[in-house]
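Next come two complexes built around chain A: one with chain B, the other with chain C.
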Partner chain A sequence: MIGVKVSHLRGRPSEWFALSDMMRIEARRSIGRAFFPAIAVLAGFLAAGSLAEIPLWIDTSIVVRDTALVLGPVLAGAAAWMAGRERVRGMEELLESTARPAGARTLTTAAATTLWGVLAYAVVAAGLIGWTYFRGAWGEPPIWPIVTGLLTVLACASLGYALGAWLHSRFTAPLVAVALFSVLYFPVGLPETSPLHWLTPTIRMEGSVYYGLFPNLGLEHSVFLTGLALASLAAAGLRRARMSPVAWGITLAGSFLVAVGAGMVWAGGYRAESMFAADLPVIPHTPICNERRPVAVCVHPAYKSLLEDLSAHANWTLEPLLGLPGVPERLEQGAVGMTPEEAGGTLTFADGLTLGPAASSQSKLSVISSAVPVYDLVVDLNNPAVAATGEDARKVQDSISYWLYNRGNPFPCKEVSGNWRTICEAAERFEQMQPTRQRAWLEENWADLRAGKLGMEDLP
Partner chain B sequence: MRLVGLYLKSRRASRSVTCLAGVAGLGWLIARWLLSQPGASAEGGIPLILLLVLPPLYASVIIGVSSHSPFGDVERSSGRWLPALRLGHLVGLLALGAAGLSLAALRWDLAHAEWTLARNMLGLAGLALLCALVTGSKLSWIAPLAFGAAALLTGLGPDGEPLRWAWLLHAGPDSLAVGMALGLAAAGLGIVGFYGTAEMAGEAE
Partner chain C sequence: MAMSNVEVRGLTQRFGRTEVLHGLDLELGAGVFGLLGPNGAGKTTLLRTLATILRPSDGSLRLLGYDPSDHGEKRALRRRLGYLPQSLGYYPNFTVFEFVEYFALLKEMPSREVRPAVVRAIERVGLEDRARSKLRTLSGGMLRRVGIAQAVVNEPDLLLLDEPTAGLDPEQRVGFRQLLREIGADGTVVVSTHLVEDVGAACTEVALMDKGRMVFRGTPEDLVVQGQGHDVGDSPLERGYTSVLAGARA
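Let's look at the complex of A and B:
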């Protein structure tokens, strides 16, 4: 039997076939195989919870990247576990005596474990990209966040393997997994002045269909993570072959990349700190419009799915105000950061979307509601005297805005307290008036209302 | 007493205690630094939520892995008073972990921080022990890590309030969160105490 196996191996034309055999065996025997379905389902569940109702490629790319927050640490724990396998089973000395070099064994074990993690990442990414594509998202996915996520998974697996190879303890795998989760997640919330804030590959990004992702440190993070993966893997190899020039060379080259990447990340981060998204060039696009009267609505093509509902909502909301001075006949969506502007009967509203974790809270309804800037109509923003108006005048403006937003729906005044209770009750009283009386009051008081010259006693 | 000593030695109890003390100390140091940062406030913010979740997560995975027995079936078939020894060992670790974290959080400028840390640690440790029944002790960290990550990543609703299932993020005295944590701890302790953990091939240490 042994003779058969030896002749079988000798018959191979190349060393690569033997390596592929080892890889196949390691992939089958890896703990990553058992982890694969669980971590793919977990990452998919978390990713699905982070997706917004409106399919946007920038959003999807960030969500794909952020699955590495879970996949990376779990895979690192699995890799740390696998790195200690030979010692745990008392096979170290036996395997030292085989013809296969220790480095090749180390590499195949680490590669096979990583392979399952990468496969899980690819499955989740494919699912999310497919979901976005079939819902007709505009444009194409930004590639850097997806690459950064993949490299994060690879770097976590390599680092976990290296730590598992060097630190023998039952506590290594769990502590490595939790520590990497902390390292990936904790710095996100630190102030931007902290170097750690920029270094984490899952950094919070803002995204706009007008400007793309900001800050986009994908290249910088990729250099850093590639260096980390190489240095860690080579460091794991050094455990068995301490004098190997190849392992030392790769460790040093990887460390150099880590240092260069960290420098690039910090430079890019501090550069981004002094910029605004609006400093970036606008991505070319052609707005799409619904010319239905009386209020026409135009949006960025990425928000095409909102157009019908938005148009209906805008017409319903603005209906009582039509024909009054300053009330637009056209609503046009502008870029993030723009304040509403009136020009020739057109009001520009910001898209109001913040991507990243906040995207999960962006329901279609809230986007539509925020897109009709009623308050900016009720308050004359071009009049500098308005800023100096008193609290009572603002309450009147708030009451009419509140009425416009909630018109036709029950007013939940019993659920609010303080100033908002007063505002809500005033809006409810206004709602109970006849439409003709509402219109008459608005025509008579519109200019004073916008200028902040009315008090609560002027409301009906 | 010799039996207790040998049992604790086989479970690497001294290392577990050292690790738990290290977690409490590190949590205290990081919290002290973080709470002194501009922008950190008692009202919330991601880093402060993390302070209430990450130290208990570390402590719970340590306790989960500590339940590993190197003797397997030999111990099961010939061991004496095993449920009492297991329960004593795990209850001791839970008490030490909870006390350490609570002490570390005494001076934090966060409402109910000490209770929240102890509660979260008990619940997550219970989850780790229950996971150990299926995966074996050495992989028991998967469940608390997965749940902790899920709570931190998706546990807040659109209004910024924690969702019902994300009890880790609830305020300290919240009765649902306390009930969940104590229930998990009791279930984990009870089942692992009486039946031990699953054993995977090659787990010997």
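Let's look at the complex of A and C:
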């Protein structure tokens, strides 16, 4: 005898509960249940590996979105398989003889398959967001990339289901997965003048804690993907109910949204313009500073975790140069593009993130190094005459720059050859001088050094 | 006069240029109706037509009082229909219980009735100890019983079975015939089979089809009478079967 309790079933609104029961059975036996936990782990692992060392919400949002690059195509393949399941299993005739409309079957099967992909996306997103939150990221995550990623997963599932319903082949599922991965990944490499480039939901974006993400096509992509999901699902339903006015209506409404989304992208005129040229408003924030050392350092609050290391590095690097003309007494992180600017004793450097289809990592070291551009201090970039300096003058500048970077450490001159050996040996000789002599030489020659007026014979 | 559950008038089925059923007339009330005939006689096509899977090329149908050509009536009819196709497909990772429950839901049974009905259907085919087994772990005979369970789960008023006893052992066939008699007491059961002993044991009426036509209709006893004096066949029913076929082809 089968032990089944039936008392709790009494009095339920029949139709919806029947669909929910079908959904329960389908979800429990869905192909997605078998392998989406593994896919979620894989996607999470890949995503965590591409997160920046510094916890930034813009980075996390893009990484969450880009998990759709893995989950979407796999889910599309699974949905294509599920859509062709009735045919593969020889169930069509038996199912055809039942009362419930084919559309209900389509909906529950597609929903049950999609459920696992969406759950995998949600788990990965929650993990990455939680990890970023507990590491003390400043501000809040940009929501549009996360929404876009979710809609990409949903649209992939619907599209896969439609293709599986209409294309009868054992190869449909793997082909759909590969094709969708290509569609999602490779249009990123299309010319930026191509509308397809900007229509791809996993488009490469620039990111800055000052401006947010650019271009922000979240709304456009959401409209496009919602339309695609609706039209695909309805098109799958049309396979069995070709005259259904509901299916036709949803197909047309979805197609309209696809056109609207594409039109919005097109009308937006997004081209190769960078975020720094887009005249975006700066997101309000209060910089945090360390003014306890000779060189004061201020950073955006998103980079708070970097402040102490940056301050120590800046003060160590600039210590031999303090008080010389053009050497900053203050470093401020600012939203000014990629090139550091010096004015009135303050050097401003940019956060300058570039986020790709999988967001590029931003290590502490790279930020610190770019914040104190020693070579740019040694070379007076504001002096037009510097551009015309000869190779010998540049060797002198390189030698002093190298010494500044590497002082206190061994100089591996025997391991290099040619010009670099000459530069290295000059830096090593400078290192061997007394600090007072080093300072005296720098004070005497600093202006000529920066202007490119010194030759190698002028070095001690 | 009792109302007919199945009324078929001038039913013709064509697949391309091939005419499979030729203007068939059939009227059935409650009881178990056996369909006999050689391969290609049109039995499966007739059952698929009665199961509303195929639309008639010509002629009319009225099943349980419904006109299947009307979308709404067809849906209402299908709620009261049970069908076991000749080749039963199945989802291998479903359990027996889930598979039968899934079809109960597809037949739009009221939610509160689904689970008890599934339990009863599985018990009727003797698979209660395998209710939680995945279908891929079952033997061919067990799968056939699962197919029967899904067909009867909604207590159909019209039950259509295509070769239902294929793969069943003798003990299971005895139990299955009892099930047919129970359902046939109030509803109409149409059984297509090659096994004449099933017809003799369970059917109240029998028809013999050949080349898309019904060449005999009567009780099993009538078929036995047809075989008297005919020596081809191992049992009286088989002799009746071969005798009628020989007469039809003469």
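Note that in this section the second predicted complex is superposed on the first by the 414 of 460 C-alpha atoms of A that agree within 3 Å, B and C clash if a C-alpha of one lies under 4 Å from a C-alpha of the other, contacts with A are read in each partner's own complex, and residues count from 1 in each chain.
Heads up, the rule we're going with is that contacts are C-beta pairs under 8 Å (C-beta built on N, C-alpha and C of every residue); 3 or more make two chains touch, one makes a residue touch a chain.
All values derive from a computational prediction rather than experimental measurement.
Participant: Identify the partner contact of A:R135: answer first if only chain B is touched, second if only chain C is, both if each is, neither if none is.
Facilitator: neither
Participant: Does the superposition put A:R292 against chain B (first), chain C (second), both, or neither?
Facilitator: A:R292: touches no partner chain.
Participant: Examine A:R437 and indicate which partner it touches, taking first as chain B and second as chain C; both and neither are also allowed.
Facilitator: In the superposition, A:R437 contacts neither chain B nor chain C.
Participant: Just checking: does A:R29 make contact with chain B only, chain C only, both, or neither of them? Give me first, second, both or neither.
Facilitator: Touch partner of A:R29: chain C, not chain B.
Participant: For A:R105, is the partner it touches chain B (first), chain C (second), both, or none of the two (neither)?
Facilitator: A:R105 contacts chain C only, not chain B.
Participant: More residues of chain A are touched by which chain, chain B or chain C?
Facilitator: Touching more of chain A: B.
Participant: Classify the contacts of A:R85 with the two partner chains as first (chain B alone), second (chain C alone), both, or neither.
Facilitator: Both partners, chain B and chain C.
Participant: Does the superposition put A:A18 against chain B (first), chain C (second), both, or neither?
Facilitator: A:A18 contacts chain C only, not chain B.
Participant: Is A:R421 touching anything from chain B or chain C once the two structures are fitted on A? First, second, both or neither.
Facilitator: neither
Participant: Check chain A for residues that touch chain B in one structure and chain C in the other, and list them.
Facilitator: Residues common to the chain A contacts of chain C and of chain B are 85, 89, listed in rising order.
Participant: Please give the residue numbers of chain A that touch chain B in the complex, ascending.
Facilitator: It is residues 31, 35, 38, 42, 45-46, 49-50, 66, 69-70, 73-74, 77, 81, 85, 88-89, 169-171, 173-175, 177-178, 181-182, 185-186, 188-191, 194, 357, 360-361, 363, 366 of chain A that touch chain B.
Participant: Touching residues of chain C toward chain A in the complex: what are they?
Facilitator: So the residues of chain C in touch with chain A come to 48, 51-53, 75-76, 78-79, 81, 83, 85, 87-94, 97-98, 101-103, 105-108, 110-112, 114-116, 118-119, 122-123, 128, 131, 150.
Participant: Can you check the complex and tell me which residues of chain A touch chain C?
Facilitator: Interface residues on the chain A side: 1-2, 4, 6, 9-12, 14, 17-18, 21-22, 25, 28-29, 85-86, 89-101, 105.
Participant: For the complex, which residues does chain B have touching chain A?
Facilitator: Touch residues, chain B against chain A: 12, 15, 19, 37-39, 45-47, 50, 54, 57-58, 61-62, 64-65, 68, 137-142, 145-146, 148-150, 152-154, 157-158, 202-205.
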